[in-house]
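In the two complexes that follow, subunit A is the common piece, with subunit B as its partner first and subunit C second.
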Partner chain A sequence: MLNKIYDWVDERLDITPMWRDIADHEVPEHVNPAHHFSAFVYCFGGLTFFVTVIQILSGMFLTMYYVPDIENAWRSVYYLQNEVAFGVIVRGMHHWGASLVIVMLFLHTLRVFFTGAYKKPRELNWVVGVLIFFVMLGLGFTGYLLPWDMKALFATKVGIEIAASTPLIGEQIRTLLAGDANILGAQTLTRFFAIHVFFLPGALLGLMAAHFIMIRKQGISGPL
Partner chain B sequence: MSNQRVSRRQFLNYTLTGVGGFMAAGMLMPMVRFAIDPVLTAKAGGDFISTGTSEDELSEEPLRVDFTFEQVDAWYTSDVTQTAWVFLDGDGGIVALNPTCKHLGCTVNWEGRESDPNRFFCPCHNGLYEKSGENVPGTPPTAPLDMFEARISDDGILELGQVVPNKIVEG
Partner chain C sequence: MHRGKGMKFVGDSRVPANRKPNIPKDYSEFPGKTEAFWPNFLLKEWLVGAVFLIGYLSLTVAHEPPLEKIADPTDAGYIPLPDWYFLFLYQLLKYDFASGPYNVVGAFVIPGIAFGALLLAPFIDRGPERRPGKRPLATGFMLLGVAATIFLTWESVAYHDWDTQRSQGEIVADVEVDTEAPGYLVYQEQGCIGCHGDSLEGGGAAPGIIGTEHTPEEIADIAVNGIGNMPADLFQGSEEELQELAEFVSEVSNQ
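Then we have the complex of A and B:
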């Protein structure tokens, strides 16, 4: 049945070459943990991607209940965590996954650094990777505010104060982030929500696409 | 046991697909259950709500009765006002019709159009109902108006309960 559907589509759109481009590629011996167990360090990039997929999925589901409004944000989080079936698990996946993504990203960066994989001709991919790291930090920072509890509020106050200490344009950055020169409130929450669920994920998907296309183009770097 | 040999490749394909599918299901199951929770949550049965309208005010002419109750909508609790059209059926019974049109959910009014006395009128698509709630043939509604369960409290105040299908229309 599945084969027939595949053949039907393939006959019309010739999808087999596309499938080969995506999935059918050589895994060199030195990155295969089945050959050398120490090669597990090459898994961290893939694990980062895996956790990112979990973050996107669990985040999509969380927005079914979450409201980015100062009156209702905390109550909607409380409701989805305590009243909705598996709410504590779905929120837990997003909460712990957020930290795990940073850990995996850091380990992946260390691996690339210590194997020298960033060297010519892969410098651009290192740059894109660093941009992905910044986007992830931005996602962590904006997502931290959304539960709208005391920890979220004060962490964001501190974060915005740090951003506001930028020379010359500090005050403008503060207003741009918080939506108001003095208040950390209604406009900050909606802004952070928009940045967290639309702007940064959009940037992240674009950067990840560039990251992966470059890997496929250049291949995995050679052994030490 | 069949004599069919399972190749190493087949064995790995099956086990890896199985384990991978199990892990993917473990990841997706909580999220899907989370999303469909409203469908599976049991609906709470409602209590009778006092309308503040005295029994003496009721007659055989439909009377508009507004009543307010506390509605819990997930994390949002608010006072919601609903309307019933209440009249005596002449046999000592009370009829409290729900003015939600059975066509597409607009709100009907008693004698809402001057050309149709003694009928409920829906302004959205010109639906008409008789006083009993029976839909007038040839107008959009396909069923009679629903009704509230109604009773009189010990101190003579009208109380309304759940919305139930119309019981007084024949058929």
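Then we have the complex of A and C:
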């Protein structure tokens, strides 16, 4: 039955080459922890992706309750955490996942750096990877404001002050992020929500697609 | 790949009509103990993922995600602290050479050089050598960067007032405070309101009073003799006023 469905789709869309690219490729001995235990350092990239998937899923569930406005943002988070069944688990996974993804990214970056895997011909993939790191830090920064509690407001104030001290274009950056030259309030919250939920995840998905396509195209770097 | 004349397509599409069988490659001919990604290696990856997920969920269950009280932009005493992964940047801005008139150095020049070098590492470290020991400059600078990040984070954590951090944002129950009560007028006149807030909810300089469950005698003692960071002799009124204040505050503190 499944084979028939596969053949039916394959006849029309020729999916076998795609399947080959995604699933049917070799895993060399030197990255396989089953052969060399020290190769567990090659797991960090995959675990980063795993946490990212959890972040996207838990974030999708959070938006089912979250209201991005200064009157209700905190109340919706409080309600989610205290009244909704397993709401505290969903928010907890998103909260701790944000830290874990930074940890795993950091370890993955160190692994790639110290194995010299960014050398020719993989320079571009390294650059894309560092851009993913920047986007993740941006997601951490913008996500922090959304619960609209004391920590959120005042930490963001400091962050925006730092951004506003940029030479030449500081004030423009402040207005772009906060929505106003002086006030950090309702506008800022909706902007950070939009950046956190639409702009940065969009950039992240594009960069991750580029990252993975380049890995498949070039293969993993050889043993040291 | 078949090209040119004689190609057959499915209907009027661009999909070639002749199918290739979906048989996996034979990895036994590859050098080393190579394994197929699907499904052999993916299964092992899932096992690693499952172990990781157990740790992740344990962390989530053991530590509720923090939520402080609703944002109050008027509370000027609040000391903000960013998430732990920004602490090293935050700490950098506290040193004399990177703050005040040199703010640009701490906020842009130093992080800019560090992150710029990270981004452009493949174009700076261009030699063919991959082993860390064979490229001492790259390895050295990376270790320096990691050590600096860890040191700055540690400095930031070690010199932070965590007790204030915990108490300043605590969620306090919404309690009806009778602002007409004689005790509240004393609370206002004696300046208690300046630190403990107009609903006794506390602020950056002083903890909230609601829920602390003090007796009137204890309140009177604290108002006269101080407690913790609160200095003595803040209360300057009469015995009668002290009694009114103590009873009023004690009542609120037991809510």
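Descriptive notes on the structure:
Please note the rule applied: the second predicted complex is superposed on the first by the 218 of 224 C-alpha atoms of A that agree within 3 Å, B and C clash if a C-alpha of one lies under 4 Å from a C-alpha of the other, contacts with A are read in each partner's own complex, and residues count from 1 in each chain.
To be clear about the criterion, contacts are C-beta pairs under 8 Å (C-beta built on N, C-alpha and C of every residue); 3 or more make two chains touch, one makes a residue touch a chain.
Note that the structure is a prediction, hence the values are computed from the model and not measured.
Contacts of A:78 after superposition: both subunit B and subunit C are touched.
Once chain A of one complex is fitted onto chain A of the other, the partner contacts of A:89 extend to both subunit B and subunit C. With both structures placed on the common chain, the touch criterion links A:157 to subunit C but leaves subunit B unconnected. Of the two partner chains, subunit C is the only one touched by A:26; subunit B is not. By the document's definition of touching, of the two partners only subunit B reaches A:64; subunit C does not.
A simple residue count on subunit A separates subunit B from subunit C, and the partner touching more is C. Contacts of A:99 after superposition: subunit C is touched, whereas subunit B is not reached. The interface of subunit A with subunit B overlaps its interface with subunit C at residues 54, 75, 78, 89, 93.
Against subunit B, the residues of subunit A that register as touching in their complex are 54, 57-58, 61, 64-65, 72, 75-76, 78-80, 83-87, 89-90, 93.
By the touch criterion stated above, subunit B contacts subunit A in their complex at residues 27-31, 33-35, 37, 40, 74-76.
Taken together, the subunit A residues at the contact with subunit C in this complex read 6-7, 10-14, 16, 19, 23-30, 32-35, 40, 43, 46-47, 50-51, 54, 70, 74-75, 77-78, 81, 88-89, 91-100, 102, 109-110, 113-120, 122-123, 126-127, 130-131, 134, 137, 140-141, 144, 147-155, 157-159, 162, 165-167, 184-185, 221, 224.
Per the touch definition, subunit C reaches subunit A in the complex via residues 10, 13, 15-16, 19-20, 22, 24-25, 27, 30, 32-38, 40-42, 44-45, 48-49, 52-53, 56-57, 59-61, 63-73, 75, 78-86, 90, 93, 103-104, 107-108, 115, 118-123, 125, 128-132, 135, 138-139, 142, 146, 168-169, 171.
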